[in-house]
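Have a look at these structures, which come just after this line.
In the two complexes that follow, subunit A is the common piece, with subunit B as its partner first and subunit C second.
Entry: the complex of A and B
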C-alpha cells in the first residue's frame, strides 16, 4: 500500500511491489499453523515427485507425509488446505500430461534419427518416414515409413466422416426441429447410450460378419477393407455427432426462429437459413469430434484390417484395408523390439499432433462463430 | 437468452473436450488392452495365461541360498517353452514319492510313462534326479534337494537374463544367436544350448482349397507364395483363384522361425503376405472365414476348417498324419523348431552346466520327461538319437 504513494516508481515495479505486499499481507493474516501445514504438505509432495523421478523406494515416506498433512489440514484449516490442494491437483494434472507427452516424444526419437535423409547436404531427421512408402521391420533394407499408415488413417477418417457427418447432422436436425417432444425425449438418451458401446463390439461384428461378407460380395482376396472399417467407425462416431449437434441446434434462441417465421418463411427455410447457420459452430464441432473419434479408433480398425502396412493400388482403392496409425500400435506392440518399438511411438506422436490440431481447430471455429454472431464478446 | 445459448455452448465445449481427450485416451489404451496373450503365441496350455511369474517354490528356507543347501534354480523366458519348464518345475518341487503312481513311480492304479526305463528307482522324483548329480535326497514331500522357479517372459528376455546372470536357465523358442544378435562362435563360447523339445508348425489352407485338391505343396511353392511369385492357386494345381496369404506379426518368434526355416533367411522378405495377425487364434479364424487362404500356425489350432497340408521338401513328403512314413511331427520337418534352455559358461562351470542345472535338465531328457512335459503339452518329443546328443552336453552323473 505504501508503494502506491511513491511517485517515481515504474509500472512493473509497482506491480511487483503490489504482489509482494499482497503476499506479505496474506502471510500475516493467516495462522502460522495453517501456513506450516501447507508448506510441509507442498515440500513433501515435491520431495515425493523427486523420489518418483529417481525411482527411489523411499518415495512412500514424503508421500505419506503429504497425505497426513493434507488430512490434518482438511480437519483444522479447511479453507486454506482446499485452496492449496486444488492448486496442487491442477499443477499435477498438467505435470503428468506433460511428462507423458515428453515420454512419447523421447521414445519416438531413435526411429526418427534412423529415418534421417540428407537434403541439400543437410541431414533432416525423420524425413524418410514421410518420403518413402515402404514399411518392413524384418527384412533389409529396414524401413519404417509412416506413409501407409497415414494414408490408412486418412481413408478411414474420410469414409467415417462421410458416414457420420450427413447422417449425424440430419438426425440432429430432425430431433431438434422436427420430431415431436416425446420422440426426442426417447431417442436422444437412446442415441447417447449407443455412444457407450465399447469399440471392440463393433470391431467384432465387423470382423466376423461384415468383413467376410464384403470379401464374398466384392470378390476380394481375403478380408479387411478401408470401406467397411470406415463405415463401422462412422457408425460408432454417429451417436457423438448426433448428440453434440442436437445440443447446438437446440441452443439457437427460440426468438430468432420465431422472428424468421414471422417474416413468412416456411419451417424448412427457417432451418436452413437461420437455425443451421446460427448453430454452425456447434454442428461443426460435432463433426470434428466425430473425426477425432475416427482417427483415434483402435480396436475396430485393428481387428478388421490386414495389419500389413502397404499402400493399395490405386490410392483410392477402398476395398483393401491395410493399416492405420492406431492399429499399427495395437497389432505390433506385443512383438516389437528396438527400433520397431520406437516406430510405434512415432505413430503415437503423429496421432498426438493430429488430435491436438483438430482440438485447437474446433475451438477456433467456435470462437470465430461466437464473434460473428455477436455473442458475449 | 444470449446467456442461455452461451451456457449451452459451454456445455458443448466441455463435452467436446472430454470426447476429444477420450479419442486420445483410446490411442493410449491401444497399448494396454487388446491382445493380452500375444507373446510368442504358440503356448496352448491354459496355464501359460496364468500369472506372469508363478513361483512354484516349495521350500522357502532353501530358496535363500544360504547355509541350508544348494540355492534355488531359476529359469526365465519364452512363453512357448514355459509350459514344459513350468510343469517340470511343479513336478520337481512337489517331490512325489515313487508310490504315487500318477505323478511319479508306480502303484496298483498305474505308473508314469517311461518308469521302467528309469530302472524303477525307490526314491522320490526330485530326490532321484538330483541324486544322479550327487545331491542328498531329502525324502520329504514338497521338499526337493533344491527348489526350482520358472518365470514367464519372452525369448529375448530369457536370453538376456541368462547372459546377465540373473537366472540359471534361459528359456527360448528361437536360437540365442538371433535373440541376442551374436555370432555362432560367440554363442558356443559362452552358452550351452539344451534342446528339450520341439514345436511343430504346419502350413494350413482353407477348407475350399483342401477340397479342391490342394493337399500337398512343395517347400519351393510355399516359399514362392510367400514371396509373391505365385499368386494364383491354379499355378499349384488348385482352382483359378487368387491366394490369400496370411502371416504372423512382424518380429514375432513364429514369424522369424518361418522366415528362417521356410524362406531360408531370418531376414528374407515376405512380399506376398496380405494379412498379418498377432495370434494363432486370429490366424485360424481368418483362414476359416476366407476362401483361398494359406497360413502357418501352431499345430494345436488346426481343425476341420483349417487343414494342415503335406509339404514336400527335396523329395521327402511330410504328411499331416501321425502314421505316415514322414510326418510333419518329425524332428527333421524343416518348419519344426527347437525349444531351447540356455545355460552360461562361467569360470566356476567351464562345462557350462552346473550340477543343479544338469539334474533339472536331465529330467526332461528321459522318456518320462519327454512324454509328461513335452508331448502332453502338445509339443513334439525328441527322437532317441537327439536325446542322446543332448545328454552328451550334461556333466557326467555321480
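Entry: the complex of A and C
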C-alpha cells in the first residue's frame, strides 16, 4: 500500500510546489499596482456575491467598487484585467451549477425528512417518497409520494424514445450519408426549426387538437393520454437526436467509408457495416441526450395531461395520462406552500440528478468515441 | 465492362417482371396515402371511392398487393424471375416479422377465435416461431416477401369480408379505451403498406445487396419526408388558424396608428405609426374593438434583452478564458462537463432555482428581473459552448501570426481571435435567444404575468429608472414587478379553459393568434440565425 501511495504523494507535492513557484513568479513579475487592482476587484466581487446571498441591500456598494476597479484596470492594465475577468466569468459558470444544486437540494430537504421511514430501526430520510404510491396534499395523512410521477415520466420517456430514437437516427443517416446536397440544405434547417417551435405551441396544438381527437377516437373518459404526450415529446426530442447523431456519423473518417465502397459494397452496406458500428457510441449518446430532453420536457406534458397524481390501471395503460415530474411542478407551483412546495423541489431534484447523469454519461461515451476514431486515423 | 453490358442485357430481359415489383411499390404508396387520408379524417372509411366504400378499396388493394408480393417472392425462388438473393433475409428481419406476427396471432386468437390466455399465447408463440423460421431459413427472396405479403393478404381479406368492417370495435379488458374501425383500419393499412413497400422495393432491386439498399432507402427517404411534412403541417396549421385573429382590423395609411412618444434626456419625439395593427398594438380593454397582446410582446422583448445582457458577456468571457488562457486539463474538463450539464438541465429546474434563489432576493415577489436572470442562466451554457466551438475553429496560424508581430496575448485575442470567431458566436446567440424566447417553464415560477393584460401594463423599462437615497440607490419598479410574456400568456390562456369569451371577442381566435405571434417571434430568430450561419459559411468557403 505504502509503496503505491508514496510516489503519488511526492508527485502531488511536486505539483503543488510547481504551482506555488509559478504563483510566486507571477506575483514578482506583475506590477504591484496591477496586482492591487486584481486583488481589490476580486475581494469586492466576493463581497458583492456574499451580500447578494444574504439578500443585503448594501450589495450594490461592493459591486460598484468591483465595476470601478475593473474599469480602471481595463484602462491601465488591460492584459491582466482581461485575464482576471475571463477567469471570473468561467468560475461563475461553475458557480451557477453549484448554486442550482445547493438551492434545490436545500429547498427539497424538509419534505425528504418528512417522508422518512424507519428500516431496521434506522430512520432513512426520503425513503417513503418511493415506497408508497399516494400523493395527497390536502387530506391527512398527507403524503408526497413521487412514484406516480416517476411512473408518468418513465411512460412518456419510453414512448418518446421509441419515436425519437429510430426516426432520429434514420434522419441523421439520411442527412449525413444519403441526401443529395440540395435536399440536405432543405431538410437540415427544417429539423432545426422543428427544435425551435416553442414547447407551449406544441402543447397548445396537442391540447386543442390531438387530445380531443384521441379521446374521441379511443372513446376515453376525459382527456390526456401518455401515448400522445409521448408522441409529441418524441417529436420535440427528435431534433436533438438528429443533430448529435449526425455529428457522430460525420466524424467517422471518410477513408473508412471509401475503403468499404472500394470493395464494391452498396452505400447501404457501408452504412450498416462500417459507418453505424463505428459511430455506434456517438449515436447512442445522441439517443441518450434525446432521452434527457424528453424527461425534462414540461409545457406540452403540463397542458396535455390530467394533472392528477395517480397511477393508471393497468400499469401499462397508455391511454390515461396523469402526471409527470415536470408537469407536477408546473401545475402545482401556484397553490403550493410549505411542505408541498418542498415536495415540488424533490421532483426537481430527481429531474436534475437524472438528467445530469444522462448528460455526463453521454459526454463520456462521446469522448470515448472521439478517442477511438482519433486513434484509428 | 463486359459484365456490365451483360448485366444490362439481363436487366432488359427482366423488365417485365420488374414492372410487377414497381407496381407493388406504387400500390403501397397509394395505400399509404389512403391510410393517411382516412387517419386525418379527409376520407371516412365508409365514404365511397369509385362506387365502393373505401374500406373495401383498401381491402382489395391490400389483397392484390399481398398476392403480388408473395408471387414475386415465390417466382424468384422458382427461378422464373432473375434475381440475386442472399442465402437468408437476416436475423433482424426475422425478429421484426416474428414480433409482428406474434402480436397479430395473439390478438386474433384471444379476440376473434375466443381462445383463452394460454391458448392464444400458444398460438402466438407457434406463429411467431413459424414466421421466424420462414423468414430466416429459406433464401432471402422468400424470407423477405412471404411474411409481409401474407400479412397484407390477411388484412385485405379481413377488410373485404367485413370481418373488420366499419362497425367493428375492440374494447380491451380493463383499459377503458376502444379501438374503433375508423382508427384501426387506416392504422393497419398504413403499417401494412410500409411493410409491403419495403418488401417490394427489395424485390425491385432484385434482392441481395442492391435490393436491401433500395428497401432501406425507401424507408429512410419516407422518414425524412414525413419529418419535413410534420413540420410544414404544424406551421401551416398554426398560421391558418392564427391569421384571422392576427390581421383583424389592420388598416394602413399615414396617421392611423397609435402614437408613441420617446423621452430621452429631456428631448421628446413623437412617432405616429403609418399602420394600425390592433392585435400587436393593443392590450386587452373593454372598449377595444380588437384586443391584442402588446404587453406580452414588449415583455418578451425585455426578457430577451435582459437575458442577453446577462449571459453574453459572461459566456463569451468564459469561452475566451477556456480557449485562450486555460491549459487543457482537469479544470477545462470540469467546466466542459458543467456547461454541458447546465445545457441539458430541464428548464423547469431553472424555474425552481430562480424561485428559490432570485425571487426572495428581488423583493420577494415574481418580477421581470428574476425572469430575465433565470433565462440568462439558461442561455449562458449555450453561449459558452457555441463561442468555444467558434474560437477553437479559428486556425492556430492566425494566433501565431499575430504573436509573431510581438503583441500581447490579449491583443491577439481581441483583434484576431474574437473577430474571426464572431460569426459563430453571433449565430449561437441568435439560436439560443430563439430558444429562450419561447420558454414558458422558467418564467412560470419566476415571473408569470396575466391572462388578459391591459395595454396600460406595458412594461416601460427605460423610463422606469429612478434614483433613491437609500441603498441600493437605483430603483426600477418596472423591473421589480411581473409583466406579461408571450409564452406565459399562451399557457395562461390554455389553462384558463372555457369561459374566456367574455373578455375577448373570440377566445379561440385570440389563442391561436397569440400562438402565431409567439411562433413568428421565435422562428424569426431561428431563420435569422440559420441564414447568418449559411452566409458566413459560404463566405468562409470562398
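Rule of thumb we're sticking to: the second predicted complex is superposed on the first by the 346 of 377 C-alpha atoms of A that agree within 3 Å, B and C clash if a C-alpha of one lies under 4 Å from a C-alpha of the other, contacts with A are read in each partner's own complex, and residues count from 1 in each chain.
We take it that a residue touches a chain if its C-beta (ideal position, glycine included) is under 8 Å from a C-beta of that chain, and two chains touch if they have at least 3 such contacts.
Keep in mind it's a predicted model, so treat the numbers as computed, not measured.
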Inset, instruction - Identify the partner contact of A:336: answer first if only subunit B is touched, second if only subunit C is, both if each is, neither if none is. - result: first
Legend entry - Which of subunit B and subunit C A:123 touches, first, second, both or neither: neither
Inset, instruction - Check the residue A:258 against both partner chains and state whether it touches subunit B (first), subunit C (second), both, or neither. - result: neither
Inset, instruction - Classify the contacts of A:59 with the two partner chains as first (subunit B alone), second (subunit C alone), both, or neither. - result: second
Legend entry - Partner chain in contact with A:223 - subunit B first, subunit C second, else both or neither: first
Legend entry - When both partners are placed on the shared chain, which of subunit B and subunit C touches more of subunit A: C
Inset, instruction - Answer with first, second, both or neither: which of subunit B and subunit C does A:273 touch in the superposed model? - result: neither
Legend entry - First, second, both or neither for A:370, with subunit B first and subunit C second: first
Legend entry - Which superposed partner A:138 touches (first subunit B, second subunit C, both, neither): first
Inset, instruction - Classify the contacts of A:113 with the two partner chains as first (subunit B alone), second (subunit C alone), both, or neither. - result: neither
Legend entry - subunit B and subunit C footprints on subunit A, overlapping residues: 199, 207-208, 221, 289, 292-293, 295-299, 302-303, 326, 329-330, 333, 348, 351-352, 355, 358-359, 363
Legend entry - Complex interface listing, subunit A residues touching subunit C: 52, 55, 57-61, 78-79, 82-83, 85-90, 92-94, 96-97, 99-100, 103-104, 106-107, 167, 170-171, 173-175, 178-179, 183, 186-187, 189-205, 207-209, 217-221, 235, 238, 265-269, 289, 292-293, 295-299, 302-303, 313-314, 317, 319-320, 326, 329-330, 333, 344-345, 348, 351-352, 355-356, 358-360, 363
Legend entry - Complex contact set, residues of subunit C against subunit A: 174-180, 182-183, 209-210, 212-213, 216-217, 219-221, 223-224, 227-228, 230-231, 234-235, 237-238, 313-315, 317-318, 320-322, 324-326, 334-353, 355-357, 360-361, 377, 380-381, 384, 408-410, 413-414, 431, 434-435, 437-441, 444-445, 470-474, 487, 490-491, 494-495, 511, 515, 518-519, 522-523, 525-527, 530
Legend entry - Of all residues in subunit A, those that touch subunit B in their complex: 136-140, 199, 207-208, 211-212, 215, 221-224, 240, 243-244, 247-248, 250-255, 281-282, 285-286, 288-289, 292-293, 295-299, 302-303, 306-308, 326, 329-337, 340, 348, 351-352, 355, 358-359, 362-363, 366, 370, 375-376
Inset, instruction - Show which residues of subunit B lie in contact with subunit A when the two form their complex. - result: 1-2, 4-6, 8-9, 11-13, 15-17, 19-20, 22-27, 29-31, 33-35, 38-39, 156, 242-247, 249-252, 255-256, 259, 265-270, 273-278, 282, 285-286, 289-290, 292-293
